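Lettered A, B, C and D in written order, each chain numbered from 1.
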Amino acid sequence: MSLSPQLKRRYRADKRFKFYGLTAIVFALCFLIFFFVDIIGKAVPAFEQAYIQVPVSYNQSVIHNYNRAIPKEYRRLVSKSFLRTLGQKLEAHPELMNTTQEEWALANHRVDQFLKGHEGHGLKKKYRKTVEQMYQDGKIEFRFNTNFFTRGDSKMAENAGVLAAAMGSIMVLLITIAVSVPIGVMTAIYLEEFAPDNRFTQAIEVNINNLAAIPSILYGLLGLAIFINVMGVPRSSALAGGLTLALMTLPVIIISTRAALRSVPQSIRDAAFGLGASSLQVVIHHVLPLAFPGILTGSIIGLAQAMGETAPLLIVGMMAYIPDAPGSIFDAATVLPAQVYTWSSESIRAFEERTAAGILVLLTVLLSLNALAVYLRKKFEVRW
Amino acid sequence: MSKPKISVSDLKLWYGDHETLHGIDVDFEAKKVTALIGPSGCGKSTLLRCLNRMNDRIVGCRIEGSVLLDGKDINAPDVDVVQLRTHVGMVFQKPNPFPKSIYENIIYAPQIHGMVDKQGMDELVETALRKASIWDEVKDKLHEPGTALSGGQQQRLCIARTIAVKPDVILMDEPCSALDPIATAKIEELIDELKQDFTIIMVTHNMQQAARVSDNTAFFYMGNLIEFGETSTLFSQPQQQQTEDYITGRFG
Amino acid sequence: MTTADIFLWFTAGLLILSIAAYVFARNKAIHIENTEGRLHSRPNFFGWYAVSKILTPAFIIGFIYSILHMSGLVSQPQALLAIVFITAIINFAISIKHIQRNFRARQAVEKTSKRLFFIAALISILTTIGIVFSVLFEAIRFFNIIPLWDFLTGTTWNPDTAFLIGAGRDEGGAVPEFGSLPIFAGTLMITVIAMLVAIPVGLFAAIYMSEYASSRVRNILKPTLEILAGIPTVVYGFFAAITISPLVVKAAEALGLHADFTNALAPGVIMGVMIIPFISSLSDDVIRAVPQPLRDGSLALGTTQSETIRHVVLPSAFPGIVAAFLLAVSRAIGETMIVVMAAGLRPNLTANPLEGVTTVTVKIVEALTGDQEFDSAFTLAAFALGLVLLIVTLVLNIGSTIIVRKFTQRYE
Amino acid sequence: MPHTLSRFDNELNELHQLINTMFKITRKNIKQSLASIFDVDVEMAKRVIERDDVVNTLELRIDELARTLIIQFQPAASDLRTVFSATKIVTDLERMSDLATKLAQNALEMDGFIPRKSTSVPIMREILLTQVKNTRKAFINNDVLLAKKVIEQDKLLDDSYENCQRVLLTRMAEDPASISHSIALTNIAKVIERIGDHAVNIAEMIIYASSSHEVRHLSIEELNDVLDDEDE
């Protein structure tokens, strides 16, 4: 049986349509691959850092001017952060006085970038030969960049790390959890289990849906106007950031908790009521435990979102230069995404790879959180 | 007729402005099975839910008239609905065991009502499961989830759970409508046994079931009690034309 | 006493009192049950009752104090703590007295906890009110300086001198101008570019996943696409600025065109990619909600699969898809980091996507991240722009809600 | 295998017991009414007439029970046949008992006259009593073969009845003085023959209930065919 020309045309149209769909998927997937290859490609060099072997002469003048410790031709090749520690080192080890040691020192970021072959390394021409020679002689070598994980931000690119930002992120996240999860879950319980069906309840519901759609930056304006200007929370503090993100996360948690509560079948509530459980007992003994996986998943996703959020934190001032982990929730702090933003606006080339490395750390944490949420949802998925 | 266990008089019920029960008068005998039959929306389930005040939770639901349990009005302001429900238990249409172990399902209600201490628990669980004729089937898996049982077993577990509170009255809202005929037969057999200890009031869509298991039958239509009487009489010599039409399948 | 100290004393004191009250009340209840017979409520409800009796007044007093303190009326933390603890102890005694055999402790506890839930629900309302007022209040101050009409229709944004005027150092320079039309135009252009990427890709991806892909493939594709939604915007911003912008510039050069490094195309495209999973997931859900019998009915008439999708499935899912589009637009408009990092700072009224433009969110960040001067129109302008952003996103969201409510077909 | 619903079993048993009781009384009535004729026992005849009320009461009770069974348990298959045949059997039993009463009334009117052997009536009596006994046995044991035997035996009874009629007609022609007695004997023979017919009806119902074969209005050969098929 041969197909009529019209039918053939229709089949061609059918194939075309399917092809469009496939193209869209492939486009998105290609972007994803391109994106990760690009970011990882940029980030990986940052995990290696050049170290340089230089003669360090300890003498009286070093105490007053650490620059004196190192011969002039090497001075620019060594990180200032290394030089700064020499005075203290001498105090701790007086026996070193008037000796000269060959020591491995953190190399300057220009040396590092130059050897990595990055454009815009900024190493002056006169040093290039020396550096290449030293590298061939094994006097410069690459080591794993532990500083990146154990230090805070620094003006010296080779010495900058994510620790302070990570601590800030954790602190902010803890505040966000402490505020948004209880309030969000209680709100959802109120709306699903106790609220009378009246105008006021409907207003709350509409309001929560709208809150979920409000751009995050407006939460920043709220945080600035209410928490900082009215309530007197210190600017740039983890508290200000945490509270702002808590309000932003609230609707996400409320909505997912409500969905989880709603998925608990009515028959379970009926059963418990029929046995003489009070409404509070029904919720606490039956509904909440059953909804728990859903609430957990929703909260993790909401908190991951909060953890990756930057805009509202910029507004409440959490982009300050923070070299050390904050001591309390009232101290100025920064968070990982804000650190990424700060580094990305630095012009020094070494910061670019650090930005990418920071992004990689951030993405690892966030994607693990999301994967955890997906895993939990799959594991506890209950069909009624 | 002996002294009624539950006596309903002139019970009217509104959902918002809509009157769904128009003055029901009916007495439920103690230790008897009474079936409530009638087409969908006739008010039989609504009446059933009035008997342990499950309607309290529905917004805009309002009642008039009285429901006396052992001569005491259950809607009186000093009656606590939670305590009422320990006297009037309920079994639902779909088996709804809690997603906990069989053991926990049984022990839950006695525990929240403080009826049992640690030592008495095992015994209580066994008695309840035995009474619900499911002990032999589950005695080896008491700590497995109740939801893993078959539909009929789940429903008997739900009945056992209700019995564990030692109620006087058990309300059953179409307890077999989600079950296959074999499971249904088992539940019916169970109901037959349970009426020695409990007053049972059941709603059913299945007239044959009403005929099989009940001693008395009440026929409802459009929110009115049309006829109430002994089951065999009602099914062989109904007094009302509407009853005759319904049970002979000539309705509407 | 610092705030932290007060907080510590307050919490610790109440915690100890609460534990004491719980244990004491519960034991008394058990004692009554053992001597006088069954209680109305279980003993632990009596415990919770005593706890709630202690905490409720304490928190009310604490709340009133903090409001008074913030308005600068009082500052006597010791007095606060004294009042709180004395009230708590008095209530402790009263609640212990209430413990009788017939006392309905359960009802009392449930009432209190329901109130607690209600108060939690009020917080979301307060958040909205907070956002509206914090934006509105400062925006009104701005419009007192700059007329609303000039703000909405002016074509020049040149606020540089406003800062000086605000600081009282008006040196007779140029009058600051706050014509936000170029900013809106920039926002619009980037949004349109983003939608040109996100809508076709997102929609076709959704169609492919829900109609063509096997469930196994779908279970892989959907979470993979959602990775795109899990990437923080700051990362997209970096990617747009560092990787895509130079690509656009090079591509433009190859075509003999000139492109700025802060061109609108790069952030627009990246924002579009970011929104793809948003549209694809929402559309996938509404497409899958179209009942199978509808498809079967169409296929049984001898239509091809694509004809069924185009003529039956998509029209049925249309309201949901449009609602998803509107939500996506509102996200694009409110998106901040991508444009802050990859778009320009200079307001530019142009139709050329290769030129640099700026957006509402960029200007808000610019105005609020430097030195803030709440008397200056420069800082206040951020709130005026925020107000516009708030209104637009709310309108879009409410619009999508209405579309879903009104036009969604009910399938039984 | 018992029914899941044990009350159903209980009530089916009760039905069986009641019919059995009714069988027992009916058989007694038949036996004693015949005895009252042959032994000229007026008292016995009176007792038979009185006892008919018991049978009538039992009939009503069994009908009531069958009705309840149908209402309550909606019997199907073998249960349905059991209940359905029970109502039919009860009707036949009641008719048999009625006929026995009629015999007893005849006995009262016989004025001490005893049917002679030559009239075949005594033979008919023997055949009938065996038939009734076998029917009851077949009912108690659900014995299809025995029931079949009852049906086969009826041929004997019919033949004897024909024979009896012929003898009595001849006698009436020969001896006009014996006409009144002969008519009475003819009546008795006719009643016996009809009781036999009811026994056959019952036997057919027993076969129907336990083998599900409808054997009414079949010739003996056809009956054999049907039941042989069953065996194969």
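Rule of thumb we're sticking to: a contact is a pair of C-beta atoms (placed from the backbone, for glycine too) under 8 Å apart; a residue touches a chain by one contact, two chains touch by 3 or more.
Note that the structure is a prediction, hence the values are computed from the model and not measured.
Visitor: Farthest from chain A by Cα centre, which chain is it? Let me know.
Guide: D
Visitor: Which pair, A-B or B-D, has more C-beta contacts?
Guide: Comparing A-B with B-D, the pair joined by more C-beta contacts is A-B.
Visitor: Averaging over Cα atoms per chain, report the distance between chain A and chain B in Å.
Guide: 57
Visitor: Approximately how many whole Å separate the CA-defined centres of chain B and chain D?
Guide: Roughly 49 Å separates the two chain centres.
Visitor: How many angstrom between the C-alpha centroids of chain D and chain C?
Guide: Averaging C-alpha atoms per chain gives centres 93 Å apart.
Visitor: Report the inter-centroid distance (CA atoms only) between chain A and chain D in whole Å.
Guide: Computed from C-alpha means, the inter-chain centre distance equals 99 Å.
Visitor: Two-or-more-chain contact residues of chain C, please, as numbers and ranges.
Guide: Correct list: 106.
Visitor: At least two partner chains per residue is the criterion; list those residues in chain D.
Guide: None at all.
Visitor: Mind pulling the chain A residues that touch 2 or more other chains?
Guide: As it turns out, chain A has residues touching two or more other chains at 278-279.
Visitor: Give every touching pair of chains, nothing left out.
Guide: In this structure, the chains touch in these pairs: A-B, A-C, B-C, B-D.
Visitor: Would you mind writing out the residues of chain B in touch with chain D in their complex?
Guide: Of all residues in chain B, those touching chain D are 182, 185-186, 188-189, 192, 208, 211-212, 231-232, 235-236.
Visitor: Could you list, by residue number, the parts of chain C that touch chain A in their complex?
Guide: 4, 70, 106, 109-110, 113-114, 116-118, 120-121, 123-125, 127-128, 130-131, 133-135, 137-138, 200-205, 207-209, 211-212, 221, 223-228, 230-235, 237-239, 241-243, 273, 276-277, 280, 304-307, 309-310, 327, 330-331, 333-337, 340-341, 361, 364-365, 368-369, 374, 382-383, 386, 389-390, 393-394, 396-398, 401
Visitor: Using the touch definition from the top, list the residues of chain C that touch chain B in their complex.
Guide: Residue list for chain C touching chain B: 38-40, 42-43, 104, 106-107.
Visitor: Which of the residues in chain A come into contact with chain B in the complex?
Guide: Within the complex, chain A touches chain B at residues 196-197, 265, 267-268, 270-279, 281, 285-286, 290, 382.
Visitor: Where on chain A does chain C make contact in their complex?
Guide: 10-11, 13-14, 16-18, 20-25, 27-29, 31-32, 35, 38-39, 42, 182-184, 186-187, 189-191, 194-195, 203-204, 206-211, 213-222, 224-226, 229-232, 247, 250-251, 254, 278-280, 304, 307-311, 314-315, 317, 319, 328, 330, 337-338, 340-341, 344-345, 352, 355-356, 359, 362-363, 366-367, 370, 374
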